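Multiple structures follow.
Two complexes come next, and they have one chain in common, subunit A, joined by subunit B in the first and subunit C in the second.
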Partner chain A sequence: MNVSDLSAPPRGQGVLIPLLLALLVFVGLPALLAGFDRGYFYQIANLALIFVLLSASMHLVTGVAGLLHLGHAAFYGVGAYTAALLSTKFGLGFTATLPLSGLVAALIAFLVALPTMRLVSIYFAVATLAIGQMLYLVMLNWVELTKGPNGIIVTKGLELFGFSLSGRLATYYTVAAVVTLCVLAIGRLSHSYYGNALRSIREDDQCADAMGVSTARLKMEAFTLSAFFAGVAGSLWAHMTGYISPGDFKFSESILILAMVVVGGLGSLPGAVIGALLLILLPEGLRAFGDFRNIMVGLVMFLSILLLPKGLLGEVSALQLARRQLGAAWRNTVKGEGIGWR
Partner chain B sequence: MIDPYYLQQLAIGLSLGMTYALMAIGFTLIFGVLNVVNFAHGEVYTLGAFAGLVLISATAPPVFAVIFAALAIGALAGFSLERVAFKPFRRFTDEASLKSRAMRESTLLSSLAVSIVVREALEIVFGSQMRSVPFEYLINTPVRVGPVILVTGDFIIFGVAAAMLAGLQYLLTRTRIGLSIRAVSNNPLGAKYVGIDTDRTIIMTFVVGSMMGAAAGILTGLYYGAIFPAMGFVPGIKAFVAMVMGGLSSIPGAVICALILGISESMATTFVSSGWSDMVAYGFLILTLIFFPNGLFGARRERV
Partner chain C sequence: MTHLLDIRNVSRRFGGVLAVNDVTGHVDEGELVGLIGPNGAGKTTLFNLISGFTPLSSGTVSFDGKTISGLKTNQVARLGISRTFQNLRVFPNMSVFDNVSVGAVGALPQGALGALFGSFAGGGARSAEISRRTWEALEAVGLTHVAGELAANLPYGQRKYLEIARALAMQPRFLILDEPAAGLNDTETRALADFIKRLHGTGLTIMLVEHDMTLVMSICQRILVLASGRKIADGPPDAIRRDPAVLEAYLGVDA
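Take a look at the complex of A and B:
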C-alpha cells in the first residue's frame, strides 16, 4: 500500500456508515418487522443476528488469526447448555446467564486450548474438530445432565435485571443490542495492535515467533475469546427459542459458521457479517422451493471459493473501510510519523 | 483362559478396523500426493454404499457384483471429485504453490463444500432416513469358530480388505502407475522433471483411494444392513484419525492405527455405552497430536 492511500478522508465520513447501520438495525428493521407482525419474521431476524455474532466470533480465530476452527458450534452449544441448566436448575435469569455462559464456554475453551494450541495448520484444524465432536458427544450422551437427545426446555425468556423482555419486539431489541455490542468489541479487537499480532500469526507464525510474538499464547487468547462470544450467542439462543437440543450444535453447524466466514471473506469482519446474513436469509427466502438450506450452504461456499477466493468483501477492502471509520486513530501520530492503529 | 466374549469383540474390532483402514488409505494416498486433506472422502464411502443399494434393488446380482459396482462408482466419484474440487485450485504447478498453505486451505474448504452438496443431494434423492438392505444380502449369518460365534461378514470384510491391501501393495510397488504415485508424493517437481504426468498421477491416486473408500462403504452397509446419506461422516473421521495417528503419509502406519482404533472401539463398548465409544477415537487423536505430533509411525517430516 502506498502512503498517500493512508491519508485519512475528511472527518464526518467516519460516523456515517455506522450511523446508517445502527439506524437500520434499531429503527428500520424493527419498523418493518412490526409492519409485517409475524412471529416467523422475528424468528428469522433473531436467528440471523445470532449467527452474525457466531460468524464474527469465528472471524477472530479463522479470519484474523488464520486458524481453521472446525468445532465452533460446540462452544455455542456449551453456552446454550450453560444458560439452560443455570436457568432450569438454579432459576437464574437471562441477566446472569448471559455473561456466565460466555465465561463457561471461555473456560472450557481455555482448558482444551492449554495442550492443543501449539499445533499448527491442519493439525490445529483436526484438533478443533475432535474437541468439537467430544463436546457434542458429551451433550448427546451425558443424559443425567443434558437430558441427551431430548434437549432442555428453557422456560425463562429474555429479561434485564428483572424486567421481562419477552415480547417479540423487546426480544429483537435485546438480541440486536447484545449482538451489536459484541460485534463492536470484536471489531475493536481485530482492528488494533492486538489484531495485527494475530494477523502476524496467520501470515507467518514462525517469523512472528522469531520476532518475539508469543504465538501459542495469542492463539490461546483468540480461541478463548471467540469461545466467549460463541457462548454469549448460545445463551441468547437458549433464552430466545426456549428449547435446545444437541442437534443444534453438531458438526454441520460448525461448517455453516465456517462457510459464513469464508463466503464473506477471511479476515474481514464486515464480510463475516454479510456472509452470515446471506447464508441464513438466502435459504429462508428460497424456502418456497423446498428445503434446500444445507445444499445451498455447500453450493454458495464452493462457488465463492472458486470464483471469489477473497470473499464477498475481502480483507483488503474491509481494512480500507475500517481505516476510514477509525481514521482519527490512524491520523493521531507523533510528528506525522504514522505507524498504524493504536 | 480368555473369556470368549473378548475374542469375539476382538474379531469384530478387527473387521471394523479393516473398514477404517480401507478409508484411511484413501486419505493417506491423497495426502501423500497433494499434501491436502480430502474432506469429501466420507461421501465417497456413502456413494459406494448407495451404488450397491441401487443395484440390489434394481436387479438381484450376486454379492461380488455389488462390490464391483461400488468399486466402479468409487472410481468415478474419485475422478470427478478431483476434477471438481481439487483441479481448479491447482492453478500453478511449481512446488511452492503445490504445497502452499493457500492451496491446502482452499482445497480443504472446497472438498468440504462438495461433501455437503453430495450428502444433501443424496438426502433429496433417497431421503434422510436409513434404508435397509434386503435380508438375503446381509452378511451376518452366524459361524461358530471354536468357542466364538462370528458372522460371515467378519470374514468377508477381512478377506476383501486384505485382498485390496495386497492389491494396493502390488500396485504401488510393481506397476508403473504405482511408481509414479510414489514419485509424485516423494517430490512433485522432481517427478515432473523426469517426465511423469503429474496431473494423471493425481487423478489415479484419487481413483485408487476412492475405490478403497467405496468398498469400505458397501461392505459396512451390507454388514449392518443400514444405508443412509450421513453414514460416511463418522467413519470418515475415524479414518482421518487413523491417518493422523499413522503419521499422515505412511500407509502401513495408517492400517495399523486403523486396526488399533477398531479394536479399542469394540472393546470400549464392553465398558461404556455405545454412544460414548466414539470418544475413544477423538481421545486417541488428541493424545497423538499432543504426544506424537509426527504420528506413531511417521518419519520425521517437514513441519506442515
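Take a look at the complex of A and C:
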C-alpha cells in the first residue's frame, strides 16, 4: 500500500446521507408542518431541534472527552436567561442575543471549570452536579434579576438583522438553520485530530498526557465549548417560546440530555442526534397512553442500556465508562496526592 | 559535550520506601541503552521520573541541556521524549489509525479553531502533516492494513506494536520502551529485537527496560543496572555480564 494514497483517515465520508438529511430538515419536514398547520407540531419540531443541539453539545464533553457532566441544563439556562434579560432590559434582538448567550454561558463554564477540571472521575461528576444546582438556585432565588419562579416573558420573537422571523414556518427555519450550523461545527470538532485528542482523554488521560496532549487544557476547552452551544440553544428556546422559568433548566433536564447521549451511543454524534429525537418524540407519540408513557420511556432507556451497552451507535459503552469512573475514585494514586485529584 | 539525557542524583521516596536512590546516569544522542535490574529495583519508577509521570523527591533530570524535572508530563513529551507502557495502554475504543494520530496530534497540537476552520486557517497543512506522520508510524511497525480496526480487537502482539507506533508518531528524539518483550514468545521477541535495532538504525535514541536478558544483551550498546533503587553498574554488555555486583544482585552469590 502506498502511503501517499492514504492521506485521509479511514472513515466513510458519504455525501448522499447528509444531502438527504438536509432535504428532510429543510424541505420535507417544513412541507409536512405547513400541510398539517398545527402550532403543536411546530412546537414539537422546534423543541426536538433544540434538544438535538443540547444533546450534540453534551456529546462533545461526555461522549468524546469522556467527562461525566451532570449540570448541562444549567448552561442551557444561563443562555436562555442571558437572552431573556438582554432582550427585556436592554431591548436587544435575537441577532445579538444568540451569540451573546453562547458567550456568557461559555464564560461562566470557563470560570467554574478553573477549579473543577483537576477533579477526576466521579468527583468531577459530583462537581458538575453542584455547579448545575448552584446555577439553578441562582435562577430560582435571585428574584430581582431573574424574577425567580415567576420566570420571564420574552416579547421579542426570532429575527435576523431586523427581519422578523416569528411566523411559524420562519421560526422553524431559523431554529433548524442555527441547530444545523452548530451540529456541523460540533461534527467538525469531534471528527478531527482535535477530537481524537479529546477521545484519548476519555480512554486514558494519563497515557494521553504522556503523548503530549495537554489534558487539563483540552478538558477545559471541551467543557467551555459545550457550554457555548448549550447557551445558543438557550437563546433559541427563550425567543421561541417567549417564556422561560427556572423549571426548564433543573437537574432532571440535565439527566434527560445525558440519557439522550447515552441511548444514542457515547462518542457518536449521529447517535446523540437520534437519542435526542427519540427521547423528545417518543413521549409525545405515546401521549395516548397517558401517564404510562413516562414508564414506557424509562423502560426504553433501561432496555437500551441493558441490550445495547454501547447505545445505538456508540464508540464506548456507558457501563464501561461508569465502571471506570467509579473504579478510579477508589484507586490510590502513586503520586501520594489526595484521591480524586490529578 | 552535553548528554542528550542527563540524570543527576535522582531520588524518589514513596512513604518510607526509597524506590530510586541517588541515581546518576546519562544517555547520549544515538545510543541504545538498556536498563535492567531485579523486580522492584526501581526501573519503571526511574522511567516515570524521566517522563514526568512521577515528581522527583530530589535531583535533576535534563534533556538536551534543559532541565525537565518539574515539567508536566505533556510538556516533557512535546520536548521529544515519548514512551510506551509496561502494561499495554492503547486506547481500546479508538481505531488503530486514531490511536496513532494521538501521538502525532500530541506533538503537533491541533486547536479547536484548527479543527473548526481547518482548510481556511492554514489548519489544512497541519492536518495533512498529522495524517502523514500517522501513516508513516503505522508503516514503520507494519500495521497499515489494520488502520481502520478497533484497537481492542487487535491481538496482543500487534497492540504492542501499536503502542510503539503511537510513540513514534510523536517523532521523538528519545524513545523509552518499558518492557517491550513482556508477554511475547521467543520468535516474537527476536522479531522485536530486529525491529528495535532497525529503529535505532534510523538514528533514534532509545532506552529500554527489559527482563529478557538475551534481548538486552544482544541489542544494547550500554546497560545500566539498578538494584534496590541504586545504580550498581553501567557499561557495555560484556562488562555487565562479568560484573560481580550485578551477579550478586541477580543471583545472590559472592562472585
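Criterion: the second predicted complex is superposed on the first by the 295 of 342 C-alpha atoms of A that agree within 3 Å, B and C clash if a C-alpha of one lies under 4 Å from a C-alpha of the other, contacts with A are read in each partner's own complex, and residues count from 1 in each chain.
Here, a residue touches a chain if its C-beta (ideal position, glycine included) is under 8 Å from a C-beta of that chain, and two chains touch if they have at least 3 such contacts.
Just so it is clear, the model here is predicted, and its values are computed rather than measured.
Look at A:281: by the touch rule set out above, it reaches neither subunit B nor subunit C. By the document's definition of touching, of the two partners only subunit B reaches A:137; subunit C does not. By the touch criterion defined above, A:115 reaches subunit B but does not reach subunit C. In the superposed model, A:312 makes contact with neither subunit B nor subunit C.
By the touch criterion defined above, A:44 lies against neither subunit B nor subunit C after alignment on the C-alpha atoms of chain A. Chain contact summary for the complex, subunit C toward subunit A: residues 14-15, 48, 51, 53-55, 72-74, 77-78, 82-83, 85, 89, 91-95, 97-98, 101-107, 109-112, 114-116, 118, 127-128, 130-132, 135-136, 139, 144-145, 147-148, 166-167, 170.
For subunit B in complex with subunit A, the residues that touch the partner chain are 37, 85, 88-89, 101, 104-106, 108-110, 112-117, 119-121, 124, 233, 237, 240-241, 244, 273, 275-276, 278-279, 282-283, 285-286, 289-290, 293, 303-304.
Only residues 68, 115-116, 119-123, 125-127, 129-131, 133-134, 137, 140-141, 251-252, 255, 258-259, 262, 290, 292, 294-295, 297-299, 301-302, 305-306, 309 of subunit A touch subunit B when the two sit together in their complex. Across the complex, subunit C is touched by residues 1, 3, 6-10, 185, 188-189, 192-197, 199-200, 202-204, 206-215, 221, 225, 267, 315-316, 334-336 of subunit A.
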